[in-house]
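Chain nomenclature is as follows: A, B, C, D and E, assigned in order of appearance, with residue numbering initiated at 1 for each chain independently.
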Amino acid sequence: MKEIAKLVVVLALICGISGFVLAYVKDLTAEPIEYAKIKNVKEPAVRSVLSGYDNDPIKDRISFPVGNDKYGRPVSLVVFPAKKAGKTFAVAFESSGVGYKGPIGVMVGVDVDSNKLTGISVISHSETPGLGARILEPGFTEPFRGQDLSKDLTKDNIQALSGATLSTNGVVAAVNNARTMLAQHRDKMVN
Amino acid sequence: MGFGDYMLFIVGAVLVNNILLAQFLGNCPFLGVSKRMDTATGMSMAVVFVITLAGACTWLVQYYILIPFNIEYLQTIFFILVIASLVQLVEIIMQKTVPGLYRALGIYLPLITTNCAVLGVAIINIQKEFDFVQMLVFSFASAVGYGLALCLFAGIRERFALARIPKVFEGTALGLVTAGFMSLAFSGFAGLVGH
Amino acid sequence: MSLMKEFTKGFWELLPPFRLVLGLCPTLAVTTSAENGLGMGLATAFVLACSNMLISALRKIIPSKVRIAAFIVVVATFVVVVELTMQAYFYALYVKLGIFIPLIVVNCIPLGRAEAFASSNGVLASGADGLGIGLGFAISLFSLGTIREIFGAGTFWGVHVMWSGYEPMAFLLKAPGAFVCLGLMLAAINLISARQAKRKLEAARLAAAQA
Amino acid sequence: MSIATWFKGVRLPRGAAFGPPTPLPPPQRIYLPLRQHRGAVCQAKVEPGQQVGMGQVLGSSDEFDSAAVLSPVSGTVEAIRNCADPAGQPVPTIVIANDGQDIWASPEGEVRPPLSDPAEVAKARPTRLLRRIREAGLVRAASQGLPLHVDLSPPMAPRSYLFMTGIPVVRPTDTLVIRALDHDPPVCPNQAALAGLNLTELDLGVTALKRISGAARVILALPAGAVSGELTALARLREWEIRTQSQTHFPYCLDNLLVLGITGREVPTPYGEPRDVGVVVEPLVTALEVGRVLISAKPNLERVFAVAGDVAKPQAFVARLGTPIAEAIKAAGGAVGEAGKIIVGGPMMGFAHFDAQTPITKETEGVFVQAAEHVRRYDDHPCIHCGRCVACCPVNLVPAELSKLCEFQRFEEAAEADLFHCIECGVCAYVCPARRPMVHYFRHGKSEVLARRMEQ
Amino acid sequence: MSSPLLTVSTSPHRLGRTTIRSMHLEFMLALAPALLTGFYYFGLPGLSVVLLATASALLTEIVTVRVTSLPNRVADLHAVLLGLLLGLILPAGVPWWIPVVGGVLTIVLGKMVFGGLGNYPMNPVLVAWVALSLSWPEHMNAYFAPVPLGSGGEFAVTETPLMALKNDIGSLEIYELWDLWVGNAPGAVGATGSLALIAGGLYLIIRRLIPWQIPVGALLGCVLMSLVAAYTDSRLLEMGMEGLAANLKVAWFHLATGGLMITAFFLAPEPVSSPVTPWGALLFGLGVGGMTVIVRTWGAWVDGAFYAVLLLNTLTPILDRIRPKVIGKVIGGAV
C-alpha cells in the first residue's frame, strides 16, 4: 500500500510539475506565437496582394467575429486594410476553398471601390509538389489581378493549371468565398 | 457521409494515403518485425486493435478534457500517456481474459507503445476534425492499411532470405529500398479517392 | 575523457538512425531539404539532451515500476516545450516539420536512451550521451536532407547549386525516394564499416606477424 | 492421359528404335555384387579360389527381402571385394574368372520340374510359384527394384510409412499392369524385348504373375505404335486389356504415374507403391523372365538391357549378369567422342559412374553413354522464378521454391513444402534455364532431413 | 581398371536447350515486331530512344560488375533486354538523357541492389519508368503523333488516346480502332503496335517462355473491368451510347491503347517478379488487367498498366502460396 502510494505520489508530482512548467511556457510563448503566425504567413501575403498604401496594414488590422466554430468558440476574421491618406481603398483577408488534398488558404486582396481583385496569394495548402503546388507560382496567381469580383469567378477567367484542375477549382472557390464574405461584412471592413 | 462515401474514405485510408508508405508513420516496427510472415500478421492484428482503441480514447480525451479546459497545447503529453497506459491495460486484461490471444499478440504490444503510427493516427484524427464515427473508421482503416503493407512487405522479405543479397545491402538497407519500391507501387492508387 | 567518449559515440558507433535503426519516421518524412533535416535533428537533440539529464537526475527518486511512464512524461514535457518554442521563434520550420515534432515523443531514440543510459548514469555523462546521439541524429538528417535537396530540387539551403539546365529529380523528394535514399545511404555506411573492419583486421594481423 | 498432364513433363528426343536383343558372349571376368536390389545384402557362400558352376548359389541371406546370387558362368572365384553397385554404393562383390565351359553346378541345372502349361500355372498354388521365383533369384527389372518374390507378396502387416500418419494399407490387388514401356528413353530394354517377343514366355509369365498377385484384371501398357497382331490375338484370348502411351513423354511411364494414367488411382507418396492402391506393375522383361524360369526350370542368369547414347551402334543386348558395362559398350561399337559420362540407367534418372567395370546386375535396365561434348554442366545461378519447373513438374510441386529452401539449408521448411513427394524425375532440372542442379538439391535436402529425424 | 576422366554428377544428365541467354534472345526476337512498328511510326527519334536506353543499361551493367564483387553475367543479355524494354515504353519525344538515366536506374536500382537477376522483387524496368515519371512528368508525357516512315511529316508532341479519353469520353469516337491496333496512334515507342505485340506474345506462349495465364488473365481482367467502368459511367449515357455494344467498345478501346498489350505480354510476365504457380499467375494477370482500368478510369494517372504491374508484384509472394494439389500426397498424411 505504501509502495503504491509512493508510485502514485511520484508520478503525480512529475505530472504536476510538468503541467506547471508547460503552462508557464505556454504563457510565455503566446504572444510570440501569434506574432510569428502573422509575420510569417500573413505579412508577406498581404504585402504581395496590396500596393500603393501609406499605412501599415499589419498594424492597422482589424478583427471581428464572424461566427462560432463547432465547439461554440468564436472565430474571428482578420482584415488588413490598405489606406491612402487614412482612407481604406483596399482590404486583404484570408479565405479558403477545397483543393485536391484538403483546404487551400488564400489571401485575397480587393479594391473596395472597383470591386476588382488587387491580387491573391496562396498561404496554406497541401497540394502535390509539381502538380497542384503550381498554384503558388506567379504564372497562376497573376491573372487573378484585376478580375472583376462583382460576379463569381470561373475557371475560364484565369489560367487553369493543366493536370491540376482540382487545385485550380479550390483557389477559384476561395476567391468566390471571399466575394461573399466581403459582401456580408463590407461595412465592418471599410470604415 | 453515406455508405459510398465511407467506402471511398476507407479505400483512401488503406491504399491511397497509406500511413506507412505515404505518410511515414510506424517505420521502426515496420522494418523490425517484417522478416517473417507469421510475426508480421501477429503485429498487424495487434496494431489494428491498439490503433482503433487508442484513436477512440484520445478522441474522447481531446473533446471532453483538452478542449473544455482549453489545454490543447498539452495534447502530446496527454495522448502519449493515454496510449501508454492503454497498452499496459490491454496487456493485463488480455493476459487475464484471453490468454490465447495474449500469447499471440502479447510480445508485440510493448513495441506498439513506441510506434509513431498510433500517436500519429490519434493526432491526425484531431487535425482532420473527424466526428466519432469517422474517427473510428479512419483509425481502423489506417491500421488495416498498415497491416496490409506490413504483410506484403514480409512476403517480399521472406524471399530475400532465399537469395544471395549483396553484403552491404543485407537487412535494413534492402528493406528500405524495397519499402521505397512498395511506396512507388502504391503511388499507383493516387487519385482513386478525391477530396 | 570518458565524457568526451560518451559524447562522440553518437557520431559513428551509435549513429542514429543508421546504427540504431530507430527514429526512422522523421528521418524519412522531413528530410526533403537540408534545413528541415537539421531543424528536426536539432529539435530532437535538444529533447534528448534535456530529458537525459533530467531523468538521470531523478533516477534515484523514480520507482522502477513506473519508470517508463515517468520517462514518457519527462520526454513529452520537453517535446511540448520545443513545440511551443519553435512555433514562437521558428514558425516556418515548425510548419514544415508538422506532425513530426509531437512525434518526437514516440521516436524511439529519447526513450531508448533514457532506458539504456540515463537511468543508470550520472547527469553529466547522460547529458553528453544525449547531446552526442542527438547531434549525430541531426548530422544524419542534415546529410540525407542535403542529398535529397541537391538532387531532388537542385538547391542547397534554398540556393541553386546544380548547372543551369538541370531539371531536378523530383522522385527523390517523394515518399519512395525517401526510402530508397535512406536505404542507399545505409548501404554506403555498411560499406565503409566493412572496409574499416577489414583494415583493422589486416592491421592486427600485420602486428601479430611482426610480433 | 488427361489433358492436365498433356502440358506437364517434357518431350524427350526419340532414340533409334531397337531390334530384338543381341546375345553378348560371356566375358572373361564377371562381377557379382551381393546385393542387386533394394533390401538385405547376401552372405557370400563361396571363398576365393573355389570352383563354381552355373547356377550355383554364391550368396544368400535368411532375410526375406533378399534374392540369392547365383553364378551365371562356371569358373573360379577370384576375389570378394567391395565395389560400387549401380547406385554408387559400395557392396561386397564376387569376382569370377570365367572358364568358358558353362558347366551347370547341379546336373542339367534343373531344380524343379518345368511348368509350361498356362492352364496349370493358372491354377497352381501361388506359394508354389513364388518359391520358384525366389529360388531363381529374380529381381524386378528396374532401378532400385525389389526381389520379385517380395514385390509380389502381400505386405505382412499394414504398411506403416516412415513419413505417414499410419494410414493402414490393406487393399487387395485387383489389377496387374505389364509395363512394356521404358520411362527413360533411349534406354529401352522393354521395347527391345517387345521386338523379339516370345509369346509363350509372355503368356506363361503373365499368367503366373496374375495368379500370384490375385489380380482379376490384366493391362498391357505398350508404346504407341508397337502393337503386333499376334500380341493382340493373345491378349484377346486371355482377356488382357491393351493400353498404349507415348514413351517420350517423360516421366509418364514411371510406375506411379502410369498407374494414375491407366487406373486413375493415386499412389501415395513418399514410399507408397502401386500395390497400396491395388495395382501390381511389372516390367515386360520381368514377366518374360518369370515365364522363362517356369518353362526352363532354370534360374535366371541373363538380363536384357539397352546400350544407348554416344556409341556407334545403340542396341539392346542379352548378357550374363555380372558382365561389366565396358564389355557391352565395346559390343555396341564403342563410345563415340571423348569420354564424358557413363550412366547406368537413362539420361534423366540414371546414375553416372566413374568406373566402366560396373557390372550389369538384376536391376540394370541399360547404359547411357555420353561424350564429353554432350555433358551438361549445372550452374549456381539464382533461380529466376521463371516458373518453367512449376509448369512441368509431373507431381505438381513448386520445385523453384524447394530448390531455394534446400540451397539455403532450410530443410525442414522444404519438407513441409512437400519435398518428400518429389520423385526425382529431373524434369525441373531439364527445363530450368538457370541450369540449377535441382535434383541434387532435393536429394541433399532429403538426406539431411532423414539424418536429423534419425537423430531425434 | 577404371577408365579415366569420367564425369560423375546427379541426374538428369541431359538438359533442355533453353538457357537464360537463349530465353533473352527469344524475348528480343519477340519484341522485334513491336520495335519495327515503333520505328515505322516514330522514326529516328523513336529508334534512338530505344538504342540509348539499351546502350545505357548494358554499359551500366558492365560498369557495375566491374566495380563491385557481383558475378559477371553480362553475357546473359539481361541488361540488353531490360534496356530494350525500357526504351520501348518511353515516349519518342523525351530529351536524350531520360533514356540514359532510365537505363542506369533500371540496372542499378532495379536489379543490382538486390544482387542481380533472380532476386529483385519488382520489375526493374517499371521501377525505373515510375521513378522517371515522378521526376520529370512533362518529359515523360512527350508523346509524338505517329508519322509513318517516308511520309516526311514533322514530329510533334500530342495527346495520347488515353489522355483524350480521360478528358472527354467522346474521344472514343475520334480514333479509328484499326489505327489503334496497328500502332498508328500517339504513344510510347514500342507500346502502340498492339498487333505486333500480340504476335510476339503468342510466340513466347507457344515457346512456353511465359506462362499463358498472365497475358490471358490480364486481357480478361481488362475487359471485365472496362465493362464495369463503362456500365457505371454516366457520361456514356449522356452521349447516347448505351447497352452492351457500347460498353464493349470501351473495353475494346482499353485493350488496344496505352501500355496494356506490352504489359500483358512482356512486362507483367517478367519472370522474377511474377508468380510461378498456375493459379497465382492467373490471379496476377487478372489483377494487372483490372487494376490497369481502375487506374485509368478513377485514378490520377493517364495509364495504369505499369502501376498495375508494380502493385501486383507486391502480391507475388502471397499469390505464390496458392498451389495445386501435390500428386501422391495423401490428405491427412504428414510429411
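The criterion applied here is as follows: a contact is a pair of C-beta atoms (placed from the backbone, for glycine too) under 8 Å apart; a residue touches a chain by one contact, two chains touch by 3 or more.
Since the model is a prediction, treat every value here as computed from it, not as a measurement.
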{"item": "Least step count from subunit C to subunit E, where 1 means the two chains touch", "value": "1"}
{"item": "Steps needed, at fewest, to go from subunit C to subunit D via touching chains", "value": "2"}
{"item": "Core chain by centroid distance, with centroids computed from Cα atoms only", "value": "E"}
{"item": "Far-end chain from subunit D, centres as C-alpha averages", "value": "A"}
{"item": "Selected pair, greater C-beta contact count between B-D and D-E", "value": "D-E"}
{"item": "Rounded Å distance, subunit B centre to subunit C centre (Cα mean)", "value": "23"}
{"item": "Inter-chain centre distance, subunit A versus subunit D - centres from mean C-alpha coordinates, in Å", "value": "89"}
{"item": "Separation of subunit A from subunit B, taking each centre as the mean of its C-alpha atoms, in whole Å", "value": "33"}
{"item": "Per-residue multi-chain contacts in subunit E, two or more chains", "value": "109, 113, 115, 118-119, 130-131, 134"}
{"item": "Junction residues of subunit B - those touching two or more other chains", "value": "73-74, 77, 163-164, 169, 174, 177-178, 181, 184, 187"}
{"item": "Of all residues in subunit C, the ones touching two or more other chains", "value": "69, 73, 76-77, 80, 84, 170, 174, 176-177, 180, 183-184, 187"}
{"item": "Contact footprint of subunit D on subunit B as seen in their complex", "value": "161-164"}
{"item": "Contact set on subunit B toward subunit E in their complex", "value": "151-153, 155-156, 158-160, 163-166, 169, 174, 177-178, 181-182, 184-192"}
{"item": "Partner subunit B, residues of subunit D touching it in the complex", "value": "382, 401, 404-405, 407-408, 410"}
{"item": "Subunit E-facing residues of subunit C, complex", "value": "167-172, 174, 176-177, 180, 183-184, 187"}
{"item": "Contact footprint of subunit B on subunit E as seen in their complex", "value": "68-70, 109, 112-115, 118-119, 121-122, 127, 130-131, 134, 291, 294-295, 298-301, 304, 307-308, 310-311, 313-318"}
